[in-house]
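Quick one: structure below, then a few questions.
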Amino acid sequence: MPDTKPILLTGASGNLGRMLTKELSAAGYTLRLTDIVPFPDELPKGASFVKADLTDSLAIVRQAEGCGTILHFGGVSVERPFEEVAGPNLHGLYHIYEAARMFGARVVFASSNHSIGFHERPQGNAAKLDADCAFRPDGYYGLSKVYGELMGRLYWDKHGVENVNIRIGSCFPKPINKRMLATWLSYPDLARLIARTIEAERVGHCVVWGASKNPDSFWAEDHRDRLGWAPQDTAEDFRAEVGHIVSDDAVEERYQGGGYTSIEYSRKGGFSPRDQFDLE
Amino acid sequence: MPDTKPILLTGASGNLGRMLTKELSAAGYTLRLTDIVPFPDELPKGASFVKADLTDSLAIVRQAEGCGTILHFGGVSVERPFEEVAGPNLHGLYHIYEAARMFGARVVFASSNHSIGFHERPQGNAAKLDADCAFRPDGYYGLSKVYGELMGRLYWDKHGVENVNIRIGSCFPKPINKRMLATWLSYPDLARLIARTIEAERVGHCVVWGASKNPDSFWAEDHRDRLGWAPQDTAEDFRAEVGHIVSDDAVEERYQGGGYTSIEYSRKGGFSPRDQFDLE
Amino acid sequence: MPDTKPILLTGASGNLGRMLTKELSAAGYTLRLTDIVPFPDELPKGASFVKADLTDSLAIVRQAEGCGTILHFGGVSVERPFEEVAGPNLHGLYHIYEAARMFGARVVFASSNHSIGFHERPQGNAAKLDADCAFRPDGYYGLSKVYGELMGRLYWDKHGVENVNIRIGSCFPKPINKRMLATWLSYPDLARLIARTIEAERVGHCVVWGASKNPDSFWAEDHRDRLGWAPQDTAEDFRAEVGHIVSDDAVEERYQGGGYTSIEYSRKGGFSPRDQFDLE
Amino acid sequence: MPDTKPILLTGASGNLGRMLTKELSAAGYTLRLTDIVPFPDELPKGASFVKADLTDSLAIVRQAEGCGTILHFGGVSVERPFEEVAGPNLHGLYHIYEAARMFGARVVFASSNHSIGFHERPQGNAAKLDADCAFRPDGYYGLSKVYGELMGRLYWDKHGVENVNIRIGSCFPKPINKRMLATWLSYPDLARLIARTIEAERVGHCVVWGASKNPDSFWAEDHRDRLGWAPQDTAEDFRAEVGHIVSDDAVEERYQGGGYTSIEYSRKGGFSPRDQFDLE
Amino acid sequence: MPDTKPILLTGASGNLGRMLTKELSAAGYTLRLTDIVPFPDELPKGASFVKADLTDSLAIVRQAEGCGTILHFGGVSVERPFEEVAGPNLHGLYHIYEAARMFGARVVFASSNHSIGFHERPQGNAAKLDADCAFRPDGYYGLSKVYGELMGRLYWDKHGVENVNIRIGSCFPKPINKRMLATWLSYPDLARLIARTIEAERVGHCVVWGASKNPDSFWAEDHRDRLGWAPQDTAEDFRAEVGHIVSDDAVEERYQGGGYTSIEYSRKGGFSPRDQFDLE
Amino acid sequence: MPDTKPILLTGASGNLGRMLTKELSAAGYTLRLTDIVPFPDELPKGASFVKADLTDSLAIVRQAEGCGTILHFGGVSVERPFEEVAGPNLHGLYHIYEAARMFGARVVFASSNHSIGFHERPQGNAAKLDADCAFRPDGYYGLSKVYGELMGRLYWDKHGVENVNIRIGSCFPKPINKRMLATWLSYPDLARLIARTIEAERVGHCVVWGASKNPDSFWAEDHRDRLGWAPQDTAEDFRAEVGHIVSDDAVEERYQGGGYTSIEYSRKGGFSPRDQFDLE
């Protein structure tokens, strides 16, 4: 039985935002949607959409008024030059937390594996990473996600604002290369996870690996028990189809962050419009 | 025998900057000083000063041209509202690292114990913190220091920019309360540390606790061996004088970050002009 | 016989601007058109168009050079968040009046019924509103229109800049609901009114209700005699067609401003792209 | 017995702000003070001061958190060019009202006689002005005060935010010219009025003439009965001393707004630093 | 044999930029392309494209890292209001030269005949202009080109940055009116010229008229000998086709700058979207 | 007999501005003074002062209303980084010329020898420079002066705005080194020159060397005959006192611009606060 306060979903017009809008509305939640670009779908009954920029502090605060949960999926979601990342992902993130503090809301933050992308992929029986591993951001985007996780840490320690930080691997309809056999998060697994972040009684500051039940996963322990969530899907079903698809860049294949760790992306200021895969 | 390339010192007009200017000039280093406020002292022979704002990217890059080391002591150095911290400490920090990358300089970053200030102070025989402990920032200032340390991690991993991150405890002429029996860093110890960060052959990304040889220290292992540095002074000499000076705020006395962890400071947006102690 | 000085029309690319461009050009006036978006129609002979932002002071002043009349239809023309309204409707309005003062032009200002939208609709034989009624803005848009009217009052009192303030009801090709049986202003009535605001010898600071000869009108006395204008069309012709179309929101139906008075619009920051009616 | 919620006082470092700080603290109110310049006096016990700019929306909202009343004395308080007035007095005013709406606070707004300054001074037995008279602003400052009063009207009509608008005449230690025999408001009368605006049970949107019990007053009816306030002091006591001090500018002496109505002030963009009298 | 360092081409998405991209790639140069709008063509092998704004200093510096030549074709390339020209053509130009200085690159600057457009066209046997003629800019655009040429003069005199300034006449697939029989520069002639600016051993600060071998040319001596370039095409081939196409504006036909010298363009703030010819 | 329209003097609070204020007021001119810092002296009778920033376009236009002459001495008057020079000296210069065009005023522009500072000083019988010599700016400041002179050229060619450009050498109470035996302009000579720029009947676009009757002058022909001005003072009187004072920097002594041509000043972003001589 859903929480009766409205839920604010930022980044609603993105792929994950649109999927969550559909799923959460169907589950009976009252949604307030916001994004910097118009919402492309038919609005579900009971949902409202307001176009707003994360850097516009008062607009964000206004949307959060009276909400019980803020699902923060907005901001820059791929590697871009610092100057583009800073506004929404550093300044905007702060606006989200101030709003949560003022109105007593819980924050669910779409963090990313790119906050730890410079860890090497585990080989053979090598240990997998636990959620308390060292941060190893692989770019300005990943670094902004670290910043977001630790802003959550600060607001919990200092103000009692609860927050769940989901280090999303690769959340797509299906995996498209070998790396995603490890990092894939299915849409239904994400939707079920989000439902739990809303409903769980007490979460404090917690961190969860956002991946399905993949045997190849790079990741081990986290705080999912606090949420009562476990993934049900697996990338394994796609091994035959995509298990042979690898990059010819040795750096990409060595590190968990994949292509984001490449220095060439860095000079070019991030992915070009033609680099369409692995956006989270 | 000093490095022959000039050394850029940001925040030169602050207390630590002024002390380092004197010490490093005396040791024969060629200094380029910069700060957002004028340099208050007589310029040492061979040193030059240029007033510049850390948020002015090209001005910072221009000062760093041809430098071998950037001693980054500039930016907001106390708890302040996010909006004031973000410009110099997030945007400005990025300018420092881009400049270092372009010109192959090493970065020495004045980080702070406030990056881990929400760890409790060790009681009795409790374990002290190692440098790889979890980040527990105690405010926007502390969070900006985490950001700076991990920007260093990123630039080392991705671009090979070396950096030393000094988590300064309380760097003052002498300790002024009980907490500083643990956190005090003497001026001579800092000056010797900085000389080592310039001269050490290879540092990679390293983290050092910036405290003197204090028996009450909260902190244990770090990467000082890479630098060949060990503190020589101790706060112990001041126990009789200041060991009884404690706050009546239980939160302050419980956490390593001291007053910065107090929620009241947060609402007020940081220290008022009358809160003059414990600035680092 | 038209005034021989050019006439500046702001907001030329909007519905009313386009209609006025056609009518005034046909009547022989030399038009300078400006808008923040391109002019979508073929330019009439003798008219010129310059794209300009109302917040760019010098661009506005430059367009007004040598003009005898400024028809100010530009700016935000629907309810929007304060931050969006303020630039064009407060700052931009000031640029218009400074330009008028410098070049001795008369200002004709597209004000709105939303400057008095929180007055209740008159029931039965209740008195209708005169133009000197109290301001009762129904949103940030309406409040900006009050600001514009009183800026006109100020510039007349202090600098002798003449101005006509037209509180437009609902200016559309035809009425589309019951409320508009009261508030509708036909295109030809507006065009005739504007011609009079240009030609009238002396207008001082005057206020006119912008509605056709509607029996249901909410409004009574104003300064139209100074202009020599009287509406000729009437919404009555459309009663059968639209007289039954009412909102199910009691607040909307009670106040003159209609939907703008609804608190829900306020939270959403104004009309969504799908709320297409009643834009003035 | 004072309200138990804190009271936010903006413009605390100005003359009226300092006086109110002293009086309200003495009366037992918990004050949060803010201003764009430091507070020059010793902080009363229980009061806190935070430096903030009215144009910084989130800083203002943060100060207002949990307050029951906002005494809004901040912003530009004399005639200045539009560009200087707009930030604090238009944008900042909006931030005050959004904060009040969010936290359910009442707003007490330091409006001004300059919102009606272009009314002529009553001669002989001519009628005095009631609070519902037409607005006749005498400059950008006065126009910003109209804007503030009607923002209050809007927030009461739409959101139920209560507000008291005090059209302050000339609030100084004592009158200094003939005009102030009409417009003077004594410090004690203001302090008593403010206490009533805090304590009065229900005020809605109300307007009060801010003048002492002056026989020469230009003003008559207002809503003071809702507050239970009546002035006790009178400018009459100073007639012998200042009754002969008049300007040699006929315009100044004709209108209620005095020197603000002069066109020369307008070109010069307001009062010069040497025009030190009649600041409200 | 091409220079082995990469070449930065700004304004890559414009007509000349696209042509040069094709020609220089085919000639074996490694190109870094940048523009404020996306590159519309298939990227040649070995070329990379990064979207960047000339006013973003660090982005420009980053693109120039390691380049041997900067072909600066970016910025506003037609007459526009000062406010639009200033950002890219004054501020952006400075960023280009700072980048060139830092990385030791040569600058090739797309200057324009509009830097001298207010010289009269030579009649009969009148002398043609040499490159050291007085500057006579015909608008804000032309003035920005003067600024660029003399920034080059300054950087050569002070910092030894070499630069070639090409005063482009009318660079189009073919001439389209009588004026272009004098000013036309064929695409192949431009491509050959650019190749020489890259390959020439020593250029210092030099100025070249960018026109083909046109008998009607307005221009005589320049520094082309330093480059070893001579045009091979001629507008003469098009005389029959376009020699009769003249403007009915006497001012346009009198001055070298053609339509740019018209005062009417000035009021309108430059060419309207329908004025499609003579863009350089 | 002075012009009866007011005269606008920008930069009024600088050394030259203050001297001119005194002299021109004494000569009976009505002055409007403006500067970004307060005017430090007693205002002469009939003069008014308004604080304004050259980058605030409307404020500048407003001050110029109704003026017959604009004496433009405002802006950055020494070598500074581009970012500091650009606002007042490029953008602000444009505001001056737009204001002059609108109100039909003549512009008198304080240009500088630094617009040609990279010409070598004439040795022996070598030819001196005429005013039509090539521009050779010696820094961002000098380049901004070139920009200003050619903006004047443009506004005269296109809009008929008259302007006098004075390439000031070194305008101080007396010369202080050997270079100033060539470049010195006495205060009385400047004051007499300015009076002529106001009174001369027709000036078009003209350029004058701003130096006294110095035998060592670097400069020869200019347009002073149009003004009817000739200097009366000479630096020769100070030869014994300062003729031996030279820099030990060979570059400085070689070029006309003196210290401004030094590359070291360039890196430091201009003169430090201690470099107090040769400011014009």
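Each chain carries a letter (A, B, C, D, E and F) given by its place in the written order, and its residues are counted from 1.
Just so it is clear, contacts are C-beta pairs under 8 Å (C-beta built on N, C-alpha and C of every residue); 3 or more make two chains touch, one makes a residue touch a chain.
Note that the coordinates shown come from a computational prediction; the quantities given were computed from them, not determined experimentally.
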| item | value |
| --- | --- |
| Contact-graph distance - origin chain A, target chain F | 2 |
| Smallest number of contact steps required from chain C to reach chain E | 1 |
| CA centroid of chain C to CA centroid of chain F, Å | 49 |
| Where chain A touches two or more other chains at once, by residue number | 58, 62, 65 |
| Topology of the chain contact graph, where touching chains are joined (line, ring, star, complete, other) | other |
| Touching pairs - complete list by chain label | A-B, A-C, A-D, A-E, B-D, B-E, B-F, C-D, C-E, C-F, D-F, E-F |
| Contact footprint of chain D on chain A as seen in their complex | 57-58, 61-62, 65, 95, 98, 102 |
| Of all residues in chain C, those that touch chain A in their complex | 81, 83, 267-269, 272-273 |
| Parts of chain F lying in touch with chain E, wherever the complex brings them together | 82, 86, 90-91, 94, 118, 132, 134-140, 142-143, 146-147, 150-151, 153-154, 157-159, 261, 263, 266 |
| Parts of chain A lying in touch with chain C, wherever the complex brings them together | 38, 48-52, 56, 58-59, 62, 65 |
